[in-house]
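These notes are about the structure you will find just below.
Chain naming follows the written order as A, B, C and D, and within any one chain the residues start at number 1.
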Amino acid sequence: MTKLKWGMIGGGEGSQIGPAHRLGALADGLFEFSAGALDHRPDEGREYAQRLGVATDRAYGDWKEMLEGERNRPDRIDLVTVATPNSTHFEITRAFLEAGFNVLCEKPMTMTVEEGEQIVRTAEASGKLCAVNYCYSAYPMVRQARAMVRAGEIGKVRLVVTNFSHGHHGDAADAENPRVRWRYDPAMAGVSGQFADCGIHALHMASFICNDEVETLSADFASTIAGRALEDDAMVNFRMARGTVGRLWTSSVAIGRQHGFDIQVFGETGGLRWASEHPNQLIYTPVGGRTQIIEKGESGLHDDAQRLSRVAIAHPEGFPLAVANIYCDLADAIRGQSRDGLPGAADGVRSMAAVHAAVESASNRGAWVDARPPMFR
Amino acid sequence: MTKLKWGMIGGGEGSQIGPAHRLGALADGLFEFSAGALDHRPDEGREYAQRLGVATDRAYGDWKEMLEGERNRPDRIDLVTVATPNSTHFEITRAFLEAGFNVLCEKPMTMTVEEGEQIVRTAEASGKLCAVNYCYSAYPMVRQARAMVRAGEIGKVRLVVTNFSHGHHGDAADAENPRVRWRYDPAMAGVSGQFADCGIHALHMASFICNDEVETLSADFASTIAGRALEDDAMVNFRMARGTVGRLWTSSVAIGRQHGFDIQVFGETGGLRWASEHPNQLIYTPVGGRTQIIEKGESGLHDDAQRLSRVAIAHPEGFPLAVANIYCDLADAIRGQSRDGLPGAADGVRSMAAVHAAVESASNRGAWVDARPPMFR
Amino acid sequence: MTKLKWGMIGGGEGSQIGPAHRLGALADGLFEFSAGALDHRPDEGREYAQRLGVATDRAYGDWKEMLEGERNRPDRIDLVTVATPNSTHFEITRAFLEAGFNVLCEKPMTMTVEEGEQIVRTAEASGKLCAVNYCYSAYPMVRQARAMVRAGEIGKVRLVVTNFSHGHHGDAADAENPRVRWRYDPAMAGVSGQFADCGIHALHMASFICNDEVETLSADFASTIAGRALEDDAMVNFRMARGTVGRLWTSSVAIGRQHGFDIQVFGETGGLRWASEHPNQLIYTPVGGRTQIIEKGESGLHDDAQRLSRVAIAHPEGFPLAVANIYCDLADAIRGQSRDGLPGAADGVRSMAAVHAAVESASNRGAWVDARPPMFR
Amino acid sequence: MTKLKWGMIGGGEGSQIGPAHRLGALADGLFEFSAGALDHRPDEGREYAQRLGVATDRAYGDWKEMLEGERNRPDRIDLVTVATPNSTHFEITRAFLEAGFNVLCEKPMTMTVEEGEQIVRTAEASGKLCAVNYCYSAYPMVRQARAMVRAGEIGKVRLVVTNFSHGHHGDAADAENPRVRWRYDPAMAGVSGQFADCGIHALHMASFICNDEVETLSADFASTIAGRALEDDAMVNFRMARGTVGRLWTSSVAIGRQHGFDIQVFGETGGLRWASEHPNQLIYTPVGGRTQIIEKGESGLHDDAQRLSRVAIAHPEGFPLAVANIYCDLADAIRGQSRDGLPGAADGVRSMAAVHAAVESASNRGAWVDARPPMFR
C-alpha cells in the first residue's frame, strides 16, 4: 500500500500544534510529509520544512504558493492540514477545498457562522473531505463511551457535564505576554476567548458522546484579569435536541488545573466519566451497581474503541496517538472507507454557532438563545 | 472539667443523621447524652433514647414534652440538636432559643427567608447560640483553606467552583420510594429539591472558604425524572461581594458519583482544591509553581486546622470527626470561648435566601437576582 | 443500657495514641472514662485525667496504684487499655488479667515470645479478654475483604502482598531526636525497629484477611541511616499454612510516603486491594473481569462490614472510627457476645514470634525460619 | 535531512510488540520502513511487509535472507530491530552486528550470560550500536528522575523499591493457552518466567534512575499455578554498588493489576515515585516538605526530560512515544550524537546475569549471590 501524500500549512518551529500533527500523520506510516508552508516568514518556513524532510520544491513560502505549486502536480498532496492562526482558517480551507484537496482544519474552523456555513457548502460541492481537528474524540475510550451511549447501555441520556479548565493564563504578570494576550483581544481572537479556544472542544465532546446536538444555551462569561476584553472563564448551560440537560465550565485561570478536560454523561441506567489527563480509562457505573473501570484495549470493547487501541492493555496511549487516530480515519476516508466518528465541517460550523450564541447570551445576562447554525435549524 | 449536657430531637433509629450527631457529640467526651425526643412515634422515641443511655425521665415523646421537661430542671441540657424533618426546624429552634437553650439546627435552618430572619433575631435576643450544621466546614483541611485565603496566600479570589453531585436518586424505578419522593414534592420539601438539600452545603462552603458572601445569582434547574415537581439537577452561577465569580453544580442523578462534593478556589497567586471523599488532603498550586499536597496534621498548618487535626498525619479522619469538630467548637462557645468558624443563624438565613433566589431565577429563565436576605442587604 | 467503665494506662497529654483511644472508647457512648494513670509523671497524669473528666479518686499516679485502687471497687472498670511504652506492656497486661480485668493492649503485646505465651495462658486462666490493638483490622472494608476471602469470592488465596512504608524517620538530621532515636536503639526498642513497629500491623492484616497464619519467613533488614542499630527498612517473604505466598515491605525512610499501609490479596478467581489512606473503598477484580470499587456502606456488603459502616455511603470514616470499632466489639464481647474479628493475645504472640524470626533470618542472610510461637507449632 | 532506513525482524501481524516498534520508528519521520522479515512463516511475512509499504524486494522470508539481501545494498538499512522469539535474539543480533548493522534488540537480549558477553564484545568490535529496548527508560519523567538523582536533588540514594506486577496470567483456565504457557516452560522461556519477562525491566529502571549497578541479590520465586515449571511471582532483594538497598516484586498473577510497573527512589534528602500507568507525572517529596507533582513538559525540567516532552504540558504521552524516544536517540546516535540514556548491550548482559543469579538464589532458599556478569566484576 503506497503512502498518501500530506502537506501542512502552519505548525512552524516552536509551535505547539505542529509536532502533534506531524506525530499524528506519520506514526502509522500512512502518510508521507510531502509539502509544507510552515511559517508566516517564508524563508524560515521553507528551511524548516526541508529540515523535516520535505523536498526543496515543495517547501513553500506561504499557502498561496503551496496551492499553486500543488494544484497541478500529478503527485499532488492527498491531504492538507491547516494549522495557521484562527482568522486565516476560513480562507485557506475554502481555497484548498475549491481546488479539490482534502482538508484537515484546526479548530475553530472559521470565525463566523456564515463562513462556517460556506465551508460546509464548499465541501459538499467539492466532494472532498473537510475534517476539523476535534482530536479528543479519537481517544479509544471516548469512542467506547459514544458506542455505549448508542447501544443504549446507559439508557436515555439525561445529563451531560463537561469541563475544560486550565490555569495557564492565570498569571496577571504574564497577561501581556503576546502568546497569551492575543487570546483575549477581539482584534485577534474574535468574539470569544476561552470558550472559543477550549470550550468548543468540550461542547463537541458532549455532542459526540451523546450522539445529539446542542439546541439552546445560556452563558455566563467573566474576565477575571484586568484588561481582558474577552472572557477567561465561562459557564454554559445548554439543552440538546433529545432533551438532555448540559453543563459546561471552561476556564484559563484555574491555577493548578493543567488540562482539566473531562466529561460525565448520566443516563437512565448508568453513568460514564472520562478525563483527558488519564485518557485510557473510562469509568462506568450501572444504576444501583458498582463503579467499574473500563480499560483501553480490554476484550469486549465496542469495535471502534478496539480498533483504535494500538498497544497492549494498560500501556498508556496519549494525545499524539489520538491525533494519529484522526489521521488513520482520514486515510481510510480518503481511500473511500467512511469513518463515522470523523469530525467534519458540520461540527465546525456548529461550534461557531455555539460560540456566537454564548457571546450573545452572556451579553444579555444569560438569556437563552438558539445555538444552532441557521442551516441546521 | 464536667461534661456538658446534650439533648437531641429527631435522629431516631434507622435515621442517617442520628448516628453522625451521636458520634460527633460523644467522641470527645465533652457532652453527655442527657435528653432526647428521637422519634415522631413517642413510644419508639422514648424506648430508643433509653436504649442509648438516656434516663427514663428525660426520654421524651416529642419536642414539646422535652421543652417542658427540660426548661425547669436545674441540670437542664446545655445544647439541643434539632434533627427533625426540615419543615419543623423553625418552630422547634425558635421555641428552644426562646426558652434559653443553645441550639444546633440541621440544615436547612428554615423553609423561608422570613423564618430565617426571625431565627437570627430570636437568637440575638436570647443571647444563646444558634448554630447550623454545615459540618463540612469543620474538616481541618477546609479550615486550612479558609485560613490560607484569609492570609492572602492565593491573593484576591477570582473564582470559586463547587460541585455537590451524587447519583442516589437516579433510579427512576426507585423514585416512588417515600425516602426519595418527598425530596421532590413541594408539599414536603418546599420550593427546591436538590439545591436546597445539597447545593446549600456547597454555597456555604464557597462563602466559608472565600470569607465572602453571595450577592447575586442565576440558576438553571432541571427535573430529569418524570413526575418530579422539584429539580434534581441545578446549576447556579453567582457573584460574591468582593467580585468573586462563582459556579455551583449540584445533582442527585449523577449515577456513579457517591458524594461528589468538592470545591476549587482560584486566586491571583494560587489555586486550592478540596474534595469531601478525600478530606484529609488540600491541593495547592502557587501560580507558576508545582502542585503540592497539604496533609491534615502536617507541621506548619494554620492554627484552626492544626487544632482540629486529631490523630497523626495520614491517619484519615472522616465525616464523624468533622461533626465532632462542630461539637467541640460548640462546647468551647458554650463555655465562652468564641469560635470563628462555627456556622450560625446568619449562615442559615443566607442559605434560605439563596434557595429562594435560585428558584426565582430558574423560573425566570436564569434571570440574575439578589441572593441576600433582606436583613443583610 | 448502662455504660461500661473504662480506664487507660498511658496515653498522656501530647501522646499520639491517647486521643485515638479516647475518641474510640467514647464515640459510641458505650464506655465512660472512669479511671486513668496517664503519665509516667504521677502528678501530671492525675491532673490530666481529671481534666478529661475522671473523678479525683480514680485519677491515679501509676498503674500499680490504679490496679490497687480498682481491684476492690464494686464499680471497678470493665476494661483497661494499656498504652504505655512497649517494654511495660507485658507486666501491666499480665497483672490486670490476673486481677480479673479485661485488657486492650497496644501492640506489640510483649517484647519476647515467652512473655507472649505467658499472656495467652494468663488470659485463658483468667477467663478475661485480652485484646491487642490491631485496629486497622476493624475498618469496615477490611472486614469486607476478610469476609469475601472466607466466602470463597476470590478462590484459594495464592499470594498476599502488603506494605507499610512511611518516611517520617527519613531525616538524618532528626535521627537524634529522642522521639525517633529510641525506635532504633535495642535498649529501648528490643530486637527490631521498623518491622516490630509497623511491619507487624501488615503481617497481622495478611493473616486477618487471608484467615490463615504465617508459618515460615525470610527477612532482609537494612539500617539506612548511620548510627541506627536496628533496621529502618525491611523486606519479609513468608509462607502461610495453606500455602499462600507472602511479601511484606516496611520502611520508615520512604520519604514522601505518609502512611503507606496497603494490602493486595490475589486468589484463584479474583484480586483485592485496600489502602489505609483511602480506607473506605475496597478494590476488587474478578479474574477476566473489570475492576470494581466496593464502597463502605453500599448495599449487599457482608454482615460485619455492614455493621461497622456507621454513616452514609461515601461519607468517609477514618482511623478514629476504626479504633471505635475495636471498642464496640470489646463492649459486645464484655457483654458476652463473641466477636470473631477481635484481635487477641494469640495474635499478639504470633507477632512477637514473627519479629524474632525475622531478626534471626535477617542476621543469617535471609535463611528461612519458623515464624510460629512454640505453643502454636 | 534524509530519513534513515529501518528494518524489522519479527513483529508480524497480530504481535503485540510490532505495532509499538512501527509507531516508535515512524512517528518522528526519522526512519523509513525499508525492509522486513516479519513472520516465521515466510510468505505471510513477505505479504505483511508489503502491505505495510516495504518494497517487494526487501520484504524477506526470514532473517538470513534479509541479512544477505541487505548486506550488499548501497542503500542498506541503517538500523534493524530484532523482535523475534527470545531464544533467537542472540544469533540474529550477533549476525547483524558482525555484518556492520546497528541493532535494536528486544529484551531479553540473550538467554545466557555468556551469550550476552559475546554480544557486548561483538558490538565493541563492530563499532556499531547495539541497543536493547528498555523503552520505559525513555519516558520523559523517567529521564527527569535520573537527572534529579544525578544532580543530587534527593541526596545519596538509600533505597529503591520497584514493582512490575500484572494479573494477565492469573487465570488457571487460561494457563494452557499457548500464548501464556510458553512463558513458564523452560524449553521455551529458559531459566526464568516472570522475572526474566518483566522483572528485568524493573531492575534496569532501578539502575537507570539510580545511576548505579546491582551487585548482589537474594530471590524468592513462586509458581502459584499448578503445572508451571517456572516462577510466576518473584521477590528480589538486592544491593547496588554504592550501597543502595533494593526491593523488587514482580508477578503475573496479581489479578486486577493491569501494568503495575512503578518505582520509588528514596535518598537522604528526598523521595521520588513514578508509575508507568500514569507516566506523565513524577511525584517528588523533599525531606520535611510537601509532596509535589512534577509534570512532563513543565518549565525547568532537566534537559533530557524537556527534550523528550513532545506536546504541551498535561497532554498525555504514552508508551508508543516512549518507544519513539528510543528511536529518536538511536537516530541521533547513528548520526554521531551520543545519547547518554540509550540502553545498550551492557544493560542487556547485566539483565541476564541478574536473571541467572536470581534463579540460583531462589533455588538455594534465598542465598545472596553475585548478580554481575563476569566481565563486569
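Just so it is clear, contacts are C-beta pairs under 8 Å (C-beta built on N, C-alpha and C of every residue); 3 or more make two chains touch, one makes a residue touch a chain.
All values derive from a computational prediction rather than experimental measurement.
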Q) Which chains contact both chain B and chain C? A) A, D
Q | Chain pair, C-D or A-C, that carries the greater number of C-beta contacts | A | C-D
Q.
Just the number, please: Cα centre separation of chain C and chain D in whole Å.
A. 42
Q: Report the inter-chain centroid distance for chain A and chain D in whole angstrom, where each centroid is the mean of the CA atoms.
A: 35
Q: Round to the nearest whole Å and give the separation of the Cα centres of chain A and chain C.
A: 54
Q. Among the residues of chain A, which are close enough to touch at least two other chains?
A. 291, 295
Q.
Please output the residues of chain A touching chain D within their complex, sorted ascending.
A. 1-3, 16, 19-20, 22-23, 26-29, 33, 51-53, 166, 168, 258-259, 276-280, 295, 310-321, 324
Q) Of all residues in chain A, which touch chain C in the complex? A) 290-295, 298
Q | Residues of chain D touching chain C in the complex | A | 154, 158-159, 161, 165, 167, 170-172, 218, 220, 222, 224-225, 233, 235, 237, 245, 247, 249, 251, 253-257, 264, 266-268, 270-273, 283-288, 291, 365-368
